[in-house]
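So, here's a batch of structures to check.
Below are two complexes that have subunit A in common, paired first with subunit B and then with subunit C.
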Partner chain A sequence: MEPHYQHLYEILAHAQGYIFPNEIDLQWGILIVVYPFITGLVAGAFILASLERVFKVKILKPTYQIALLTALSFLLVATMPLISHLSQPQRAYEIMITPHSSSAMAIFGFVYLWYLAVVLLLEIWFDYRHSLVVWATEKTGIMRLVYKILTLGVNDISPRTLKWDRKLGYIITVVGIPSAFILHGYVGFIFGSLKANPWWSSPLIPIIFLFSAMVSGIALIMLVYMIVSYVRKKAIDLNVLDSIGKYLFFVLILDFTLESLDQIHRIYEAEESFEIIKLLVSGKLYLTLFVAQGLIGTIIPLVTLVFLQFYKHKIRLQKTMYFIVSILVLIGVYSMRWNVVIGGQLFSKSFSGFTSFKVGLIGLDGTLMAAFWLILPVGILAFLLWLLPPWKMVKEEDE
Partner chain B sequence: MKFYIPPQIPRLALAFAVFISLFLILRHFLIPETFGEYGHYRGASLIDNAKPEIHYAGQQACFKCHQDIEDKKAQDVHSDIHCETCHGPGQKHVLSSKAVDILKPSGRVFCGSCHIINAGKQKSIINQIDLDKHNVGKNCINCHNPHQPWEMKK
Partner chain C sequence: MGNEKIITSRRKFLKTATALAGATIGYTWLKSSQILLFAAKPKDESLPWYGIVIDIQKCIGCGNCAKACKNENDVPLEPFYFRTWVEQYTVKNDGSVIIVSPNGGIDGFKQTVPNEDIFKSFFVPKMCNHCSKSPCTQVCPVGATFESPEGVVLIDEKYCIGCRYCVQACPYGCRFIHPVKKVANKCTLCYHRLKKGLAPACMETCPTGARMYGNLRDKNSELVKFLKEHTTMILRPHLNTGSKLYYNALSSEVR
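Right after this comes the complex of A and B.
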């Protein structure tokens, strides 16, 4: 039998009930799961950084630069899963140079450029400019040149100019918060606006994506902060963990409430698609929805975070618990992306059948590729933390 | 007091101007030649998409030689099922009927891939057979002509 024909018969053997021919093979695989996950981490990390800045949460200061650099590292990679999914990575730039307002996907070019070039890079530049100038004078050789270039030649560090750095940085942050909301709300919109798919089509989806993005970003910063402190052999400040934990708790509650509201709405409305969705969540999505997303990613972290607000005895145990909570939350949000992206394609639009999805290991659309795009930003972050170490920044007196 | 412009602003404006001009220059060279020829996409992608090998010939190609089957099929419930649904992709067979024979599937399992009992399908649209009870041990095509299922063989 010819290979492409054989493949069709292999997957047909796993289909259940009645499905349309174009639903047999999933069009969006694991890389499209990774894409909103990474974008969510960017938006979430940035929002945590903005909280510190705009609302002057002093206690979160040690995480401010870490959060900005984390957001940048992940944003640099955010488009890659999409492009490798299309199997034409060499055309990665085309989405940037030919943006268009007629399709939600093509708008990505505008959203991404705005967020990367105008918001994140500018905010980081304003924040680091003073230190860059000082580092450029301290270092020698190639590093001196690198820092010099990064200052863009603005070497003025008079109090008046530095005040403007803070002022302009503040303005960028204020502009940045709605930008971060738009960035991830946009990703949710791609799914929520697909009226043909009852599992996606919901005006709540962009908001749910936004809150789960904040959840994952905050958890990631908590994790990165702990790992960075560990690597630098510095004590982890429990007060920092406690206040990040408090934010995580509130946002997680909001996220959980919104997602429950969305589901309750579906259950109560019980539209014609409800029967198949009921089968979907109790069958193919049972493990990833109820166990991974619900229990591991939401209930256990929530209970632990409440417990940690009262339990103040063994510091080591508290830190370990925060560490585990942040990982569990990340697993939960990843599962949420999986449930949305993969779940939405598993059932037939005839509402009378299912197809199945088996993720491959190798290839441009396989697990290894997805893992690579998740690990690469960690490498970039390590490089950025080495190039722009927040702990070596020049302290400013009036802060 | 003189109006004060912080030094960062003109430098950033310059950086942005350089960045935007670089972007526009690169854009000029990077945009594929045929982009926008027909719409907001690369015109040559139509040629790319036409390149892959054709596997399915379409039933009109089958009927050019197999007029008898066309007549038979037209009279019965399989009239809407295209030939290659069961016989598999036939382009190679169309190009050289002697060198490449078409797939002739038989067996209960093959017919069952459509006709097995399936709660997801409507019985009024497709006949469903319990393969464990219906004439066990016999091949479907012993009695049914696949091109004309209700024209039972003697």
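Right after this comes the complex of A and C.
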């Protein structure tokens, strides 16, 4: 026996019931769990930012730039888990130059680039341009050069031009909202359109992905806002938290309803895959579905958020609770990604058995790598917040 | 006068532009609906359009097919990863079904259920269904998987990026990632042999003639005759994969 087959023999020994002989190893591991989690954070963070801008939710103003920069930090990394999970990563560019028109996956690169280049980068640039021009004159040395380059040579800060900046930024935000929906709804479609897999194949999956994306994005912005305020030694505005908390509550309710609807539909229709899926959720997915996603990630946060709308006594306690809620929600959404991606591969398409999955620590498809792709955006965000501090931006006169 | 001319030409331009834009949008819409509706059709009338028949009543579970396939096609000689394999179904008197395929059936089968508990037992050879609406071809993001003009689903190994979407998309579990080549791998119906007029290795070696391939377009072929005289069934018909692998005497327990 060759050594690289060793782990497969171990899995073979742990397989339950009957699996097709080619189903021994999972095709998509932890990296593909991380990938929809990251794109979800991007879409969710962006949608929260757009709320402020398009619907003029003034109270969320302190989180606007934070949300945009968070979205950008995670979006920059979003393709990395995808590329590093390929068996032939050096051929990844083929997906861009010879996309296969009937493949749902083929369009990802274009959706991604549209979102990155047309929506996020442009919106941030228009938003920051005035400040960039001012910073370029204030700073000295290398930073002056950096800001100068970032202005892309557009140094006009006459009121008329600045008005245009705002106008164009607004238009991009309006275009950006459906783009964010497309970006993540599309990620859901990659799974939802596979008729071979009854755990994935559902027209509700893209919508569920979208709402869970918003849930995770909103929770992340809440968390980042608190951490950034803490690091800057500034007071956390409880009104901001209450306001984000309200959005989080409503979106989480919708998300929970949609996911429940999906499951109730499955149970009531009870198609040929029902028995194996029943075994899946009550067995291998019990902890991650009912405990992590359901209880920790949904029920406890929902109850706490309701409680926080009424409880207005100890400010410190309220803030701590928001902090914990945001982390719990993120854990919940991560578990949801796990349940979809890993759960969908644990049962055999013969509907007669299960394979097993053990995440390795090292290697391109291991836990450390996945953790790296999750931590890297945080580093990028810290850098972006240092480079483009929202709190040092030049105030617009008419605001 | 001059002004009027400009206005007329502008109107003309706008008309043409609108028509062109409309045509483009219309064409794109039609084209995209074709993209959404995925199916391979025989293009070259002079070429055969291959179909396969597996007669379950003839299979004795010797596993020679799986063995021959591994030898012919450089499939890892492990008890996992198969381009073709044989499953043993045992339906017990209490209605429960036991399915096994130890080493794909290469080492033969042993019946572990006592005779008196068995309602019925049979062997089901499995291989790529060479679907005409093949879900695996549909999802390949780069087009590395394609259907040959003869309707055989093939993979370009130098082109596959190893995203594994096709493995997920196959409802029959017929695809795997080759552990050495690191690209998707599957039954080619021994395309290299077909091109030389030879039968696929599994069919060549089958001692009972349980497997048959042939030209679905040739109404006089053995295959079409068989399909006419027998009631055959494909796997997972509700998925509408356009499977071209027809089973004779397929029991309802088989998936």
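In this section, the second predicted complex is superposed on the first by the 381 of 399 C-alpha atoms of A that agree within 3 Å, B and C clash if a C-alpha of one lies under 4 Å from a C-alpha of the other, contacts with A are read in each partner's own complex, and residues count from 1 in each chain.
What we mean here is this: a contact is a pair of C-beta atoms (placed from the backbone, for glycine too) under 8 Å apart; a residue touches a chain by one contact, two chains touch by 3 or more.
Model, not experiment: these values are computed from the prediction.
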{"item": "Subunit B versus subunit C as contact partner of A:Q6, first or second or both or neither", "value": "neither"}
{"item": "Subunit B versus subunit C as contact partner of A:Y18, first or second or both or neither", "value": "both"}
{"item": "Which superposed partner A:S352 touches (first subunit B, second subunit C, both, neither)", "value": "both"}
{"item": "Subunit B versus subunit C, judged by how many residues of subunit A each one touches", "value": "C"}
{"item": "Touched partner set for A:L152, first subunit B, second subunit C, both or neither", "value": "first"}
{"item": "First, second, both or neither for A:F126, with subunit B first and subunit C second", "value": "first"}
{"item": "Touching partner for A:H100 - first (subunit B), second (subunit C), both, neither", "value": "both"}
{"item": "First, second, both or neither for A:T140, with subunit B first and subunit C second", "value": "neither"}
{"item": "Partner chain(s) touched by A:L168 [first = subunit B, second = subunit C, both, neither]", "value": "first"}
{"item": "Common interface positions of subunit A, toward subunit B and toward subunit C", "value": "1, 4-5, 12, 17-18, 94, 98, 100, 102, 106, 348, 350, 352"}
{"item": "Complex contacts: residues of subunit A adjacent to subunit B", "value": "1-2, 4-5, 12, 16-18, 93-94, 97-98, 100, 102, 106, 117, 122, 126, 129, 152-154, 156, 160-161, 164-165, 168, 348, 350, 352-353"}
{"item": "Residues on subunit C engaged by subunit A in the complex (per definition of touch)", "value": "35-36, 38, 76, 78-82, 85, 87, 97-101, 104, 126, 135, 137-144, 159-165, 167-177, 179, 182-183, 239, 255"}
{"item": "List of subunit B residues in touch with subunit A within their complex", "value": "6-9, 11-12, 15, 19, 23, 26-27, 30-32, 35, 40, 55, 88-89, 103, 113, 118-121"}
{"item": "In the complex, subunit A residues that touch subunit C", "value": "1, 4-5, 8, 12, 17-24, 27-28, 85-89, 91-92, 94-95, 98-106, 108, 190, 194-197, 272, 345, 348-352"}
